[in-house]
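Each chain gets a letter, A, B and C, in the order it is written, and its residues are counted from 1.
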């Protein structure tokens, strides 16, 4: 029994999240929870899928994809942590600017800073293979330091072992 | 101890999800996770509530409900997996068509196919009783193969036993 | 072994939720799950963050914050459970009124009633400190009966001990 207990105590807690959205107001809590979790000693996995995959795109990439539909989608849904916008429209679009200004004033890290911090504290970021195909995104369109691409079955394996599971 | 361990190993992992939305981009991951989960050997329960209840509606049902408010709601929020639309407006409404086209090209199953697959691999789908009352929906408005209707307390019981819990 | 089993049986199950949104259609399920969970004997913690923090605002508070950006935000995003609106626009804004009418007809408790019930059955409600700073909200802007403010790290601690974790 004693050995068992030690094992239980020693296993790090795990947090598995789906980053489904590229809205600023959803990506922000995702990256805050990921960074804080890893800094608190949890093992953290984030699965970037659907709109969320765009979060991992390099900020200097503009048009991506190979066919015209993929290229059109990449134009209206610009990727990269510098270009995220609020999901809610406030003040005719000025809301994103205002929230960023407030965040700066209160020293809340930007999504770009948080993504770097997350990677540096060991958060494992997994791009969704199916979404990559749909968007026509390639490995070189992404920031560095990511894990290999995954499918839904692999994410389910991770999540089944996790203590906290969140879809954001 | 040995017996206990075997029991732990043998119990299937469980996935409990709330399908709260009828947006195409949320229903799609819900059904992909449900189907993949069940195919990987997990027991999967999905609780369809609020807007999400419409997902279970038969595709050939148009106007539902008994009072005028319910009928009006059913007109603007058409149910059935064939009629789901993206939550985000892209290209003046053409986004839904484009995503479906891309999905077809890359052989991603449609929501209608996924719903059938999910039922055939044993995913348990539970309509929310309270939402049925609000919408004035009846048993015959739904696809076949569903579980009996549930309330929030029963969903909580399920989720408390699950290894993965997601609100989508 | 017998002692261990008793301990396992006796520990109450736990539900930890993030209330991230102030949309009526998201706050409603959050409060229904919280109240039902606590009534079923679970320990329930809800972390109110981002837009969700506004849910805890007193209904009679109108303009909040200290700088002009915070004041402007409080004008377009009115807080308090009496003023929540649907995330989806239906019928040119009439949808919120219709859903509330239907809910009344079918005796579904209002968010204001549910918040009171949740507090009375012991749901622990935690305002997010970072969001309070961003919004310029003060303790006296909130309803009574809340827990002390928290940061993300404390929420992660709670969630890691919970049996059900949901981001709504």
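One rule holds for everything that comes next: a residue touches a chain if its C-beta (ideal position, glycine included) is under 8 Å from a C-beta of that chain, and two chains touch if they have at least 3 such contacts.
Worth saying up front: this structure is predicted, and the values here are computed from it rather than measured.
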Subunit B on subunit C, rotation in degrees - Cα superposition, rounded to nearest 5: 120
Same-site or different-site touching of subunit A by its copy subunit B, using the half cut: different
Centroid spacing, where centroids are CA-atom means, of subunit A and subunit B in whole angstrom: 24
Of all residues in subunit B, the ones touching two or more other chains: 165-167
Residue ranges of subunit B in contact with subunit A within the complex: 13, 15, 25-26, 28-29, 32-33, 36-37, 39-40, 42, 88, 90-91, 95, 98-99, 101-103, 106, 108, 163-168
In the complex, subunit B residues that touch subunit C: 16, 18, 20, 49-51, 69-70, 72-73, 76-77, 130, 133-134, 151-153, 155-157, 159-160, 162, 165-167
